[in-house]
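I've put the structures underneath this note.
In what comes next, chain A is part of two complexes: it sits with chain B in the first one and with chain C in the second one.
== the complex of A and B ==
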């Protein structure tokens, strides 16, 4: 199973955590689309400890027990 | 003279004299105001080698030219002095309304000198300035002192709490009850002068060079702030605490005194949980159109905060998952006038000393300082601020505490100032900023978390070293300018150097470009470095605690990494025009007009 964790403003699309069945060639983008989250509302994607810009991350394929964190734009300090 | 009120108050507590001096406009323009001008005045007037708690030290409260203007977040001021904690320059920024009120009373700043014979407070009502007896206020909390002294809506109160009176080297100066010039122990300097409070009343206006342009630029900036998802939505909805989860998901939320980088209970102490369970309303500073400030309520306390850094310090760093207790600890810090970052981090250091068996002789009075024991954090925060029992050993911060037990290496500090809530092993640029920050371990000198984690203004790979010295220097220089004009650093999530130049020009009447803005910031940064060198701070103090340089992160998304300071520092110094020891070259000083 794949675990997707959502944070702050985008929890409205699925709560804190959603589980997905693994399929071959499944990409982060497919999961985001399935959750109906507009891509512009996502600013940080961490997949199995790795992060980069959302456009790079969206095309990453997930693994059987991947953990994905999705965050909207945020800041603080 | 536009933007500036043109007047400084010089108050000597030893001979009780009050002088009004004209502001040197050329000097003000060169060093901008706030952090820059304050540092210049301090450096010109004191020997940086003096004891920070002696009457020879001066305590400068200083505004920027944009403080008190209609510019967004234009309500901030700086406290500049020599730090008793680090021995470096101290410049602590605060919001609220007090700084703007000082402008409305007619002054750009106050230079406090000497030491009073008995506790006093200063009462300023435009051109009437009085030094009054504070015997009955001494010992009172920040909340009580403020309630007693605030008599009209046009009055704002700045005060120290018991921690500053007791010369805790991590004491804060508080204004408007919940806003803190928190870091570097500035509250102890105020306490050492027996100065309890400064009350300001005023109703004057700041004159603007080009009011129409100011209006247009302010409209434009406010639109950018509103449309930017971070300043328009994220910060107002969740405050700075929204960072808990994202920092944890990157494996850099320092846990149990930086022994780990992932806190299993992060969700329990997150901004989301704060908003859901304890948030009453937003609590913006004067003129702020962002409004990251929180006003929270639990069964026990109600007030401003907590910020992300505070939640981390008393939470993950102490292994504590009870947000209600963390809010209570924050409330006590505000009441007693103590820096939340240094206080929480010092408790965490004590917990590790105890874990290592070094505190077996200590009476913990039934409140064991052990990771995860939420019962201990409020109890020992109060004791620390009041210097009671073992609290006295913690009152001067984690470096002096750990050093006393021969384990200075367990103090997570740079130049004796506690490092905030991001483990440098997983954010290489941010670690470089900590090591080179002129006031010691500070996140808001050059907030590299922006590009390395949040992707703002562009995403940099957090573990890469490439380009990090350049970015760190640029962030540090821009921040020095923002801190000097009197705006909040958080505007920089929506605005860049060119926008700051436009707004500054319309208020002051200059014709600065984005390059001029960065150059002024670089001048201020280098001046601070010069102060530190003259104070005897050694070049090798531009470093990080050994744990972060040699112990690989044990687990999580940052597993196996250390911080590579040795590879970053040479390029950073080179970009600054400093020699390989970190000493500014004569050529660079000339270039900056220093």
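== the complex of A and C ==
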């Protein structure tokens, strides 16, 4: 199973944690689309302890027991 | 020295002197910036340059430390400067009442040791990061929204903010807003990172710490 953890405002798309069945060739992008999260609402993605931005991370394939964290942008002062 | 005696449990005299030799630029005097400026003069920095074009309004009263019913309609920079001088007259305060953008007079960056990002929009955060790189000045970054915040020390040319805000125009603050407690928490976490950075005590250099005070989750979410 793949575990997806959502943070702050993007919890509205699935709560704190969502589990996905593993499929071959499944990418981070497929999971984000399944959750119906607009890309502009994601700022940082951590996939199996590797942190990066959506432009780099969305097309990464996930593994059978991957852990994904999705963080939204924050800019208030 | 009694003014600083309660800091001396964690800061020795040599370290205190280091802080008193520091010149700091704070951009944005809203939620984060008010608390940051207050703490910087209470720490006893040498000089503080504060920048904000705005005036206080009623919606600031819930959280901005120098926002009072009598300050509504008055310049944030002017009101903040007066309060800071009252807290610690030995700190030199310079106020700049203008919007911080690319056209700003760059002489305000002269001899600045640290820039504080206390602005409320991505566009200005990216300009601050650019100036931090161009003038080789470290940037203490902070952002808030709802129950959440993030802080980090952004070193020149690391381009962390350009990466995490790539193709973004607004953040969660647009919907979650800015409740009473969050600027004080995150603003003062920026201050503790400032102290750690200046004194070489292991600050969050080129890292972003995510802060969730609702569920008490704190984790590094980005690093270089």
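Keep in mind that, in the parts below, the second predicted complex is superposed on the first by the 74 of 77 C-alpha atoms of A that agree within 3 Å, B and C clash if a C-alpha of one lies under 4 Å from a C-alpha of the other, contacts with A are read in each partner's own complex, and residues count from 1 in each chain.
As a working rule, contacts are C-beta pairs under 8 Å (C-beta built on N, C-alpha and C of every residue); 3 or more make two chains touch, one makes a residue touch a chain.
Worth saying up front: this structure is predicted, and the values here are computed from it rather than measured.
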When the two structures are overlaid on chain A, which partner does A:77 contact: first (chain B), second (chain C), both, or neither? both
Scan A:7 for contacts with chain B and chain C and give back first, second, both or neither. both
Pick one for A:69: touches chain B only (first), chain C only (second), both, or neither. both
Which holds for A:49: it touches chain B only (first), chain C only (second), both, or neither? first
Please identify the positions on chain A that touch both chain B and chain C, taking each partner from its own complex. 7-9, 16, 43-44, 46, 51, 53-54, 69, 71-77
So, in the complex, the side of chain A touching chain C is made of residues 7-9, 16, 39-40, 43-44, 46, 51, 53-55, 69, 71-77
For a test of understanding, state which residues of chain C touch chain A in their complex under the given definition. 28, 30-33, 117-122, 125, 142-150, 163-173, 175-178, 183, 208, 210, 212, 215, 217, 221-223
Would you pull the chain A residues touching chain B in the complex into a rising list? 5, 7-9, 11, 16, 41, 43-44, 46, 49-54, 69, 71-77
Chain A-facing residues of chain B, complex: 228-231, 233-235, 237-243, 245-246, 249-251, 267, 271-272, 292, 307-309, 443-444, 447, 449-450, 453-456, 459, 461-462, 489-490, 493, 556-557, 559
